[in-house]
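Right after this note come the structures.
Here chain A shows up in two complexes: once beside chain B, once beside chain C.
Let's look at the complex of A and B:
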């Protein structure tokens, strides 16, 4: 059993780790370390329902937490690691559209924006878990930023998964998680979407000889 | 009743299972056609029963009301045309070596899966399940868009999956926020996302959180409906997909996504009043119309031309939804059905042109009417439906939408929309006549016309004419859908 103070502390710690993983993903260029960071972020995500389950002595959130852990810290990163190419040019993010310093500054700006956007949510229910929601929202914005500023197919897939992690984190924090049938369906969708992106990445490598998204410029008006 | 609600989901799933086991064969392809017909028949059988109100099935998981039935009819009709045409289309590709058995197998599995996901999306009573189904359509159609394994098809598939997944993720965030608001309005966690619970509790939802949720849902489902700002995938995906898939994506998937938006709107309007989403839909609708019309003018590719015409129509549908009166909503639903059939005709015909010329350039194709009477007529009828010529149904629906806009004091919007639609109209007429009329070039290839494609085209032409002459009992259904969605008088 946990006291409320311990629970709030654990929650702050996990959500902090969750946000930190996102910032490190913005900072790093090596694709395999980006995927490893994503796995750590998945583990931090799973800790939210696990902590809640232990605090309330409820088995439901613990089961959900274990499923999230297996999927987001295990299966999905493994699926992505398989899509990292073996060629040297394929292992790193190419010269980014926005340099690292500016990227980190933008990340800080997005985090502040997240605090502004989430005010109505906290106003409706000022519980410890809800108070942590700005961090999850910050990761949503950072994920979108990663998706538009990276040029490797795999980095975009990582951005997509980060977006999904952060929306799931928001759901855990403000509602204790969506109903089971929705959670299962959504997880299945994400699993298949990542599978599709993985297959497309390897098709891209076969067809274009690389996964630089700058090569995708045949279709335009 | 439960059975009737399950048929539109289970029939296509059976076809998927069969195709997975047996591969691409006449038998599995025909079962898929019958599954699509089953969706249509189940929709028709439900039509009379839902006029008095919504029916529920499988606990409270599924729901049939006049909007779901309308959408089932659209899915069933276009689904039947597209799966029927697929039989000959894929067989032809196999003969000519444009595809292999493995790709054909995958096509046979995914096409009915796509139909099942759309049926679930319109029948779900839980808006979380509705979201799962809409995202499932993206997953199911990804490899259908990439069926032709060219560079361009791969590029289109990547953009499609990435942009739609991000867009639809925003809709999930909106759903989570609505769930949060619903729990705080006193709903139990098992039913907080049910449409009937949300409608009952709508006045008690927290307005600030609901506003945030509504904005995200508009952006998210708007992405799948081809609306600004996440519209950039549309022309690529719709032009690279095989013709029957383009017909389904353009003719049905866009409007299924929009139907989800109508569901959300019926709840949100009760909480925030009609003004909030009206503004959002007007901005998004007009911008979509503007982009579609401008790109139609400079278009040199006939499949992209048809794709932008779909965007144009979705823009108009969004504007009609913004008007929100019973007249506007009923007209919008007629518009969606007529557009689905007309767009299928145009895409199925264009698929055969593409097969003949190995190109989708407008300049490569001339004299279609003299070269193949049926393909020419199908293309003419398809275009005539799309540009809203009488006697076809979109003439009536566009007239009603205009009247509704004028009635809702949106004359400025009406004026702007009419100007943009005229621009689109002239572009479609100019490009269409360049392809259809004139002398065929001496070295023009013969246009192949497999039997099932011909049958689907003839059926589509007959349906377009029939729907134009009289919407018959459908008028009643559209009216009842508008009333059930809480449209104002």
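Let's look at the complex of A and C:
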């Protein structure tokens, strides 16, 4: 059991780590380190229901937390790491559409925006979990930004997984726990999406010799 | 305010004056040993200063008073910071005159003075160095202000002594998210501001890469000694600031006894020596960043500082 103050402290630290992982994903270029950061983000996500389960003495959130931990911090990053190419040009996100400096400043703007638009939600119920919603919401916006600004198929997949992580985190924080069956369904969906993306990435590489999606825009014979 | 607090504040200035070259010497020595060299010893910067102070005063033709007074402004503003901020005692008589924002302003006053001096010489290197230095300074300033803002939220004040005593009364807040993020942002900013690796290499005079050294290339003799002394003091003051904002233990109170002042002196010496040693040891493992990649690093530290503000302002649980 933990006290309310410890629970709030643990929650702040986890959500902060969650947001920090998203920021570092925007910062780094090496695809393998981006995937490792995604695993850390998954672990931070799993800590939200785990902390809640321990605080309330309830087994349900703990089971959800363990499932999330195994899937998002274990299985999905391992699958993605296998899809990272070995060629030199394939291991880095060398030329994103927006350069890193502007990306970081845009991320800062998105974070502020998230705090601005979630104020009514916090005003509804100023509990520790609700106060952390803006950080999870900021990660949703950052994930969408990563998806539209990256060129490599793999980093777009990371953006997609980050989006899913952040939506799950928002759900955990707002509703105070998602039923196990719903979480299981969503997680299986994501797992299959990553399977398909992994297969697609390796076939793209075999057919076209690269995963730069910008080169696949026009038809050639 | 006791007489001893005034004595302690005066002692702070003397200690920064005398200790700054030793800090630089210690960092060079750590670096030399880790690279397998013998090194010049901790006292080498003092010997260099003595040599330069004995040399003849030379002023390049065509330079104006801007060039002549810049070293004095840089050194003077740093010494003023040393008198204001709590280094080993909290109750400096100047403490109420300037808060952390004032200290940041004084730091940039020194930078701007040297930048103008670099432009005043009219040489290619001086102008190039000034342009680079002011680019970095312009990127550093918002980060420092944001990090300061984040640190002043828990203490409800931007006054340095108030922040330090708030941390002393509530040690747990050092490990809060906002404080950790502000620490990382401040470390990056201090590295950029004092021209250490990976932003600038202080031990090179290669024309393509130098920043601070290019700016002060025309100085010689006693003025060069003053410039180097000022940059060593700036490094020392910033390391002290970092140590006292995040690890204030051992600092003497507002109404100290002689023993407490002595203890504070020993504590801050140990803390600064450890920070400087860690910085020097870290520099062995990294190469200088390309100049065009520096804004990336500083944008990252700006973002960390912004997150520190949001974390300590929005996430912080209400204490009442």
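In this section, the second predicted complex is superposed on the first by the 218 of 221 C-alpha atoms of A that agree within 3 Å, B and C clash if a C-alpha of one lies under 4 Å from a C-alpha of the other, contacts with A are read in each partner's own complex, and residues count from 1 in each chain.
Note that a contact is a pair of C-beta atoms (placed from the backbone, for glycine too) under 8 Å apart; a residue touches a chain by one contact, two chains touch by 3 or more.
Since we're looking at a predicted model, the values are computed, not measured.
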| item | value |
| --- | --- |
| Superposed partners chain B and chain C on chain A - clash or fit | fit |
| Contacts of A:107 with chain B and chain C, given as first, second, both or neither | second |
| Spatial angle chain C-chain A-chain B, Cα centroids [nearest 10 degrees] | 150 |
| Partner chain(s) touched by A:132 [first = chain B, second = chain C, both, neither] | second |
| Contacts of A:19 with chain B and chain C, given as first, second, both or neither | second |
| Residues of chain A touched, compared between chain B and chain C (which is higher) | B |
| Chain B versus chain C as contact partner of A:8, first or second or both or neither | second |
| Touched partner set for A:70, first chain B, second chain C, both or neither | neither |
| Distance in angstrom between the closest Cα atoms of chain C and chain B, superposition on A | 20 |
| Touch list for chain A against partner chain B, complex | 117, 120-121, 123-125, 140, 144, 147, 153, 156, 160, 163-164, 167, 170-171, 174-176, 178-179, 181-182, 185-186, 188-189, 192-193, 196-197, 199-200, 203-204, 207-208, 213, 216-219, 221 |
| Chain C-touching residues of chain A, taken from the complex the two chains share | 5, 8-9, 12-13, 15-17, 19-20, 23, 27, 100-101, 104-105, 107-108, 111-112, 115, 128, 131-132, 134-135 |
| Contacting residues of chain B [partner chain A, same complex] | 61, 126, 128-129, 131-132, 135-136, 138-139, 142-143, 146, 149, 151-152, 154-159, 161-162, 165-166, 169, 172-173, 175-177, 179-181, 183-184, 189-190, 192-193, 206, 208-209, 211-212, 235-236, 239-240, 295, 298-299, 304 |
| Complex interface listing, chain C residues touching chain A | 176-177, 181, 295-296, 299-300, 302-304, 306-307, 310-311, 314-317 |
